Amino acid sequence: MENLFQDDKLHEECGVFGIFSHSEDVALNTYWGLYALQHRGQESTGIVVTDGKTMKVKKGMGLVPDVYKDGVGDLQGFAAIGHVRYSTTGASMAYNIQPLKVYFDGGNLALSHNGNLTNAGQLRANLAKEGAVFTTTVDTEVVLTLIAYSARPTIEERVAEAVKQIRGAYAILFMTDNKIIAVRDPYGFRPLVLGKLENGWCVASESCAFDLVGAELVRDVKPGEMVIIDSDNAEPRSVMWADKLPEKTAHCVFEYVYFARNDSVIDKQPVYDARIQMGRELAKETKEIKPDIVISAPDSGTPAAIGYALESGIPFMEGLTKNRYVGRTFIQPTQKQRANAVRLKLNPVRSVVEGKSVVMVDDSIVRGTTSGKVVKLLKEAGAREVHVCISSPPVVDSCYYGIDTSERKQLIAARCTNEEICRFIGADSLHYISMDGMKRAIGKIDPDGLCCACFSSDYPDKADEVIGQEPEGIFE
Amino acid sequence: MENLFQDDKLHEECGVFGIFSHSEDVALNTYWGLYALQHRGQESTGIVVTDGKTMKVKKGMGLVPDVYKDGVGDLQGFAAIGHVRYSTTGASMAYNIQPLKVYFDGGNLALSHNGNLTNAGQLRANLAKEGAVFTTTVDTEVVLTLIAYSARPTIEERVAEAVKQIRGAYAILFMTDNKIIAVRDPYGFRPLVLGKLENGWCVASESCAFDLVGAELVRDVKPGEMVIIDSDNAEPRSVMWADKLPEKTAHCVFEYVYFARNDSVIDKQPVYDARIQMGRELAKETKEIKPDIVISAPDSGTPAAIGYALESGIPFMEGLTKNRYVGRTFIQPTQKQRANAVRLKLNPVRSVVEGKSVVMVDDSIVRGTTSGKVVKLLKEAGAREVHVCISSPPVVDSCYYGIDTSERKQLIAARCTNEEICRFIGADSLHYISMDGMKRAIGKIDPDGLCCACFSSDYPDKADEVIGQEPEGIFE
Amino acid sequence: MENLFQDDKLHEECGVFGIFSHSEDVALNTYWGLYALQHRGQESTGIVVTDGKTMKVKKGMGLVPDVYKDGVGDLQGFAAIGHVRYSTTGASMAYNIQPLKVYFDGGNLALSHNGNLTNAGQLRANLAKEGAVFTTTVDTEVVLTLIAYSARPTIEERVAEAVKQIRGAYAILFMTDNKIIAVRDPYGFRPLVLGKLENGWCVASESCAFDLVGAELVRDVKPGEMVIIDSDNAEPRSVMWADKLPEKTAHCVFEYVYFARNDSVIDKQPVYDARIQMGRELAKETKEIKPDIVISAPDSGTPAAIGYALESGIPFMEGLTKNRYVGRTFIQPTQKQRANAVRLKLNPVRSVVEGKSVVMVDDSIVRGTTSGKVVKLLKEAGAREVHVCISSPPVVDSCYYGIDTSERKQLIAARCTNEEICRFIGADSLHYISMDGMKRAIGKIDPDGLCCACFSSDYPDKADEVIGQEPEGIFE
Amino acid sequence: MENLFQDDKLHEECGVFGIFSHSEDVALNTYWGLYALQHRGQESTGIVVTDGKTMKVKKGMGLVPDVYKDGVGDLQGFAAIGHVRYSTTGASMAYNIQPLKVYFDGGNLALSHNGNLTNAGQLRANLAKEGAVFTTTVDTEVVLTLIAYSARPTIEERVAEAVKQIRGAYAILFMTDNKIIAVRDPYGFRPLVLGKLENGWCVASESCAFDLVGAELVRDVKPGEMVIIDSDNAEPRSVMWADKLPEKTAHCVFEYVYFARNDSVIDKQPVYDARIQMGRELAKETKEIKPDIVISAPDSGTPAAIGYALESGIPFMEGLTKNRYVGRTFIQPTQKQRANAVRLKLNPVRSVVEGKSVVMVDDSIVRGTTSGKVVKLLKEAGAREVHVCISSPPVVDSCYYGIDTSERKQLIAARCTNEEICRFIGADSLHYISMDGMKRAIGKIDPDGLCCACFSSDYPDKADEVIGQEPEGIFE
C-alpha cells in the first residue's frame, strides 16, 4: 500500500558532523550540529566521543532530540563525530547505525560516512577471502577493514591507502583515539565544510551546522583532500591524497535543487540564492504563461516560487497551507478518505486560488505521486487554471552517489513524455527548467563541474567503474 | 529558567470537533478533525463516542497522532466529540483532559469546551453548597452539574437553563446518548462552524477541519444559538437560547491575527485574506521606511509580510530559515550556547540579508523575549538596518475569553513605550499596525463587532460581569 | 481463549494504606506500604497527599514500582492515603483508579476503598435523581456524594450519615484537607489495622505494611468503628458509628486461606499459624493416605503442605519448581505447546517425585483449570500416585464482599461432586478440609465470627439486603 | 551507594539454547527455552535464526518476555540459537548482546557463549596485528575471527582449529547458514546438554529448558566434544576435537550449590537431590546446635534447609516471607528507612520465630552484606537464638571460568575468620559445610572431577594458563 507520508522527493542519505576541541563540550556540540543537519537523515543517529583512551558511543533509531533525550553528559572527551541517516526502507537495523566504531591494532577507530561506494561488494568479497568478518550491511564497513589491513606506518597513510581503493561518492569523517581525519572523494560529489571555533575545529556536511555551534565557515574540504585535525588551534594539515584528480569536479546539483538547507553555503555557492535564481530562470523560460498568481508547493518549492514572482512581477501568495504537526505515525484513513489524505499535509487556501489562473512552483517531480493530488485540490478549491513549473529538469535515471532515487522504472520522467505527465497530474501546463537554466542559476560553480547524472544519465566516473546496475551498498 | 522553546505568542486554549453520522466511522473522522485543529492545542486530546447506550473514551497527554497511535477502532458509534487543549503550565493533569464525561439522571453526558467562563468559581461554590462534588479543575465542569441539577423536562431546556447561568466566552459541544448539541456564547467570542457530510453533520472550531473529513462548510453557529443534531440528514434544529443578545458581537480579533489556520473561514471572513490585508495596511502606514527587502518571522508572520511586499513593491524573501524538526524535547544548551539557541528554530540566510536594509514583519510581540534575539541574528548576518513591523497593535491587557495571555505585568507593551521596546529589541525602527488598520483588514466583519480587549482594555461584557482580576477558570 | 497466566485462585480486590505524620515523608511511606500490599492488587495504584490546602494525586495502571518509577517527591504533605487494585477484566479504566478525589463544600475529600457495596446501584440511581453526576464506575463513588449531600455540621457526622446508608463489605480510608478517617463495616468483613509510628499513625489492610514503614501494630479497627486521625501523637479518636452491630462478626475466612501475606496478623490471628494448622487438620482428616512425600503447589500451598508434613511425619519436599521470572506479557504458545505451557510457571522435579506416592497440598480449587495440568505433569515425571489435598472446603458460591470469585457457574465445586472433580483432574484421590477443620485452624477467632459464604452459601447480611444476583459494584 | 537489590550471591554469566528442526517454530521454541534459562542471565537476550540463506536477529536489553514482547514471528527458519546474559555492571552495552553474528567467507556465522576465555586479550592483540577489527568487548568475538582466519577446508575443522587456541571455560553454540555446532571445553566447566524433539534436536545450558519445549534429555555434551547438528532426525555427529583431555573434569560445583534450577540434571546429577543432600550433610556436621526450628533464606536456601530438617528431625517452617513483586526499579528509601529496606524482599514471620532458637540455612555468603540484616530482623521479631548454616564452604577466591564473583577483596571469607564473620552478622553461631561434605552431596560425580577453585584457590587449568590477575574477558 502506498505510504501516505512518503513524499515525492529524492532523499539525501546522510549528514556528518565532527568537532575537535579541548575547551568545548564536544558531545553537546555534536548534538546541536546533528540537530541542524536533521533534514539530511531522520531514521537514525549516533555520536562517538574520544577522550584519548576510550571511545563512548550513543546511538538509536529516530530523530536527534528523541535519541539523545536523556542527554549526552556521559560522553566526555575532546573530539567527537556524529551521523544522521535517512530512512531507506531496507536495512534499517540497529547494527547499521553510524558512526561505526571498531578496535584494531592502531587502537579505536570510528567513522561517519555520507555517500555511496560503488565497489563495496567487490572489496568486501576480497577481504572476506583474507579472513575479514563483517558485522553490518553498511558499505562503509569495508573502509575500516581496508585501514586495518594496511601495512603503512601512520594512520594518515593507512587511510589514504584505503580510500584509494574505494570508488563512488563520499565525505567521510574518521576518528582515532586522538584525531579527526576528514576525507572527500576526488569528484567532490558530496559536500563537506571546515569551520573554526574560538578554540577548536569543526567539519560538517553543511555550514548551517556551524551557525548553531558558533563556528565560522572557513572553507570547503577540497575534492581529493584529506584534512587532519589534531590540535585546537593549529591549522589542520591538508594532504591531497588522490594520485590523480579528474579533470572536472562533479558537485551534486540536487544539493542546490532540494537537499541542502536554505541557509547553507556549499562549494562557495549560497543555496538560497541558487534557488531564487532557478525561479527566475524558470520565469524567463515560461513567459507564455500569464497567471494571476504564483504559489509554491511548500516548503521546498517556495524559494523558486518567490524567484519566479520576482522575475515575472506576478504576485506570490501561499495558496497551500502546510500542517505543521504532521508526524510519522498516524492512523490509516479509510478508502474513502484516502483521496483527502494529502490534505493532512497540504490544504488549499480557497480565497487565494478561487477563480484564479495559478502557477504552482515545485522543486522536482520524482514518481509523480503527489503532484496530481495537489493539482486536484487546487481545482476543487476553485483555481481556474493550474500551471506546474518545476525548478529542476526531469529526473530520468538513478543516482549511484548517495542519493536515494527510486528505481529507474518508478521515475515518471523515465517512462513518460512531458505531455503525458501533464495529463497524468491534471495540470493545464507543465514546465521543467532547462538544464542550462538550472546550471546558470548556480552561478558560483563552473557548469561543467556539476553532477547532473540523474537528469542526463551522464555519470561522471563512468570511466572508473562499471555503472549500470542498481546501486549496491546495501548487501542484504 | 527561560524555556527556550516557549514562543513569544498568545495561545488559543482549545479546539473542538463533533460529528453525527450513521454511515461514517465517527471516531476516525474526529481523529482527522482534531489533526487539522492541532494548532489550537498540543497538550492533550480526547475523543468520546456514543453508540446510543454507552460512551467510550480515549484520552491522553500529547499530540493527536501520539495519543491515538494504537488507533480508535475500539470506539464504535454514531456520534463523537473531541477536543485538543493547549499546554498551559499549571494544571496539566490527566483528569483535566477533555471531553469531560459524566453519568447523570438523563444518562451519559459528555462535553468539549473552547473558551473561558468568568463566573465558574462563583457557580462552583454555589453548587458545592447544594451538595455537588467536582473531580476536575476545569471551569466547564460546573456546566455539567448545572445541567444535572436542572429540573427542566428536556435535555435541550436543561442545557439552555445551564448556559444562561454562565458568563464569558464559550463554544461548547455537548453529547448525550443520542444527540450532539452545539452552543455558542451570545458575543460569539470563539468560533464555531457547522458542516455537512454526505450523510451526517459536523461541528468544529474552524472550517479547516471540514476539508480533511470531506465536509462542506454550511455556516457559522450564531452567537447565542444552540444547534441540535440528532439526524444524519434532517437540518439540525436551531434554538436562539439567549434571552437577550448584546448589541454587538465580540468576535476575537486574534483569531485573524494569529490563532486560526490560513485556510479557515471564520464568521465569513477568510483568515488568509485578512492577514495579507494587514500587511498591506501596515505598508501604507509605514511609507517612511525604504527597505531593500521584506522578510518575515516564519511561519506566522509570512502572510502579512507578503501583503506588505505586495503593497510596497519591495521584494519579499525568506531571510530566516526555520528548522522543521524542532520538537518539544531537547538538551539544555550550555550558557555559552544560549545566545545561539534561538538558531535551533531560526537561522538567518546570510546571502539574503547581508548589506541590506530589511523590514521584518511579525504578527505580534507579547513579552518581547524573542524579537531582540532575532534582530541580533540578522545584524550579525550582515543586515544594515532592521525595521520591525507588527501586524497587530501592542498587546496591553489580559484576555478573559479563552486566550492564554501572559500576566499583564509580563506584557512588554503594558510597561514600555514604543521607543523603549524598539531600543530593547535593538531594531532600527518598530511599527505596530493601527487599531483601525487592523480592523479594516478584516473587511467582512463590522469593526465594532470584534473583541480587541487585549489591545484596548475595552472588555465587551464588562457590564455583565466583574472583570479585573486575572482569569480564574483554573481552580488550583 | 484461555489466559495461560490466569491462576485458578480467588482474588482480593484491593489494599489500602494511610499515614498521618508531620515528621515523615508521607508519600514515600505510602509507596512502601503499597509495595508490601501489592499482593492485594496488581492492576492499578494511586496515592493522594494533602498539605492542608491542596491535594496532589499520582495514579497509574500497573505495579507500584512501575507507576511511581519517577518517584513521589512532588507529593509533599502531612497525610496520605493510597490504594492498590486487582486486575478484574471489566472496567480497568484509568478513571476508575483509586483513591478517588473530589472537591466539595467541605474542601477536598479523597477515599480508598477495599470491599464491595451491595446497594451502590440503588444509591446511585437515587442520587442521580437529585442532580448528582458520576464520573467513574466505581461503586464507592456514591459514598463521596452521600457525604457531600449530608447536611450534618461536621465531617465525622457526614461520614457516619453516609456509611449508615451503604451495605456490604468495606474498609474505607477517607482523607480531608487535615485528617484521615478510617471506617470498617459492622461485620468486619475486610481487615483494617491501626499502627503507630514514632511520630504519627498508620492504617492499612494488613500489618505486613507496618513492618516496612517501621510502624508498630496497635490493634485492629473494630467492626462498626470510625477512627479519626488528626494529630501525630494524640491517640486517634474512636467512634462506634453503627446504630446497631450484628450479633456476630463475619471476618472473611479466605484472608487466612489465601489472600493475606504469611507475615500479617489479622484480627489477632497470625496468618501463617492458621495456614500451618490447616495443613495439620488436613493431615488428621486424611490418615488413610500413606504417601511417600508431601509436596505443595507453590507458593500458596506451601504453609499447609509443611503443616501436613509436620502432623503426618511424612517428608516435605519441593516437587515443583516455580519460574521466578514469569511476568504478565508473553508470546502465545502454539497449540502443540499449550499442553506444556503450565511449565512456564511450574515444572516438576523428577528426582523428587519419580516412583513416589505424592500428596500435593494446595490452598483452593476454584475453576479447576490448573490442578489437572499439574497432576498430569507429576505423573509424566514419574509420580506413582498423586493425592490432592486442599486446605479449604469446596468453593460453591459467589462472594458479594469484595472478592473476585468467578461467576457461580464457573465454580467447579458448584457443578461437580468430589469424585467428578477428582476424575477431572486425574488425581488418585482428592480431599478438601472440612469446614470445622478450617475454622479450628483459625484458633484466635470465634468459629461463628467468620464469613464462609463462598463455601456455605450462608451470607451473613442476608437479612439486611437482597442478595442473590451477581455482585454489581461495576456498573458498566 | 549500596544497591539495595543487589543480592549477596555469585552469578552465572550466561545461558545458551539452540534448536534445529524443519517442523517446529524454531524462534518460538528458543524463546521458551530462554524463558526457562532466565535465571542464568537477566541483563540482555538475543535470538538468531537461519533459513539457509539469511540470518535474522532480535536482541535487546532486559528480560526475555520484555525483549520479545512483540513476538518472534518475523524470525522464520529451521535453526536458531539464543542467549541470556547476566547483568554485570561494566559493559552492559547493546553491541555486546549475544548471539554475535558476522558475515565471513563461509557465509553467515553466529555464536552464543557461556563461560569465560582466559587468553582472549592475547588472542585479540595477535589477531589485530594481522588486520582484524573488533566491534564488541565480548571475549568470544575472537573465536569468530579465529574461524574466519582459519585456512581449513570445512567449517568443522575451522571451528576445531579455533577452539584449540582458546583457554578457559566455555560452552559455545555456533550456527552457520545450515547447521549448529555445539562445543564444550575439555574440562567441562560449564554445563551443556543435548535433547531430542520428535523431529529435531536441542542443545541448552540446562535440561529444564527441554521440559518447556517438549524435548527429551539425551545426554550431556562431553568435555572436549563437538556435536554437529544438521539433520532433524539423524543422530548428531560427535567429534572429540581436543588433542588431549585433562586427567580430571572440572565441573563447576556452584551450579549445584546455587546457579542451576532445582529441576535440572547436570552431568547426570539431579540438582535438587544434591541440594537436599547438602542440607543433610550440614545437619550431620552441626549436631551440636539444638534449635527449635529450621528456616531458610528463601528461595535459594530452601532445599538445603529442608534437607537439614529431614536429617535432624527438627521442623522446617517459612520464617521469612519473600515479597514476590520486588522488581528492579524502586524509589530509594530515606536514610531512616534503609535499615528496613531489606524488608522489601524479606520480612520475618513473627509467630514462627518468636521465642525460638532458629537455624537459618542459606546456600552461600559472598560479601556478607545481607546476612547481618536478616539476622537482625529475626532477632527483632523475637528469635531467641539465630544459628546460620551455609550449604557451601567459604568463598575465598575469584572465578576465571564464567562466574561473576566479586573482586577477591570484597569476599568476606577472604578477609575474615569464621568467628569474625559470625560476629559481623550478629549470629549466635555460623557453620559452613565442609568441602568433603559438599562433594559427598554431589554423589553422581567423582569428587575430584569438580571445580572448587572459588573455595580452594586450586585452579584446574593452572598448568595451561597464567592465572592470577582478575579475569579479563571484558576489555573496557
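Chains: A, B, C and D, in written order; residue numbering restarts at 1 for each.
The working rule: a residue touches a chain if its C-beta (ideal position, glycine included) is under 8 Å from a C-beta of that chain, and two chains touch if they have at least 3 such contacts.
On a predicted model such as this, the values are computed, not experimentally measured, just so you know.
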item	value
Neighbouring chains shared between chain A and chain D, ordered by label	none
Length of the line joining the C-alpha centres of chain B and chain D, rounded to whole Å	61
Computed distance of Cα centres, chain C from chain B, in Å	49
Rounded Å distance between chain C and chain D, as computed from the means of their C-alpha atoms	37
Touch relationships between chains, expressed as pairs	A-B, A-D, B-C, C-D
Chain D-facing residues of chain C, complex	25, 28, 31-32, 35-36, 38-39, 42, 63-66, 68-69, 71-72, 208, 211-214, 261-263, 265, 270, 272-273, 276, 299, 302-303, 306, 310, 315-318, 321, 323-327, 329-331, 333-334, 336-337, 340, 343-344, 347-352
Partner chain C, residues of chain B touching it in the complex	54, 57, 59, 93-95, 100-105, 109, 125, 128-135, 144-145, 148-149, 475-476
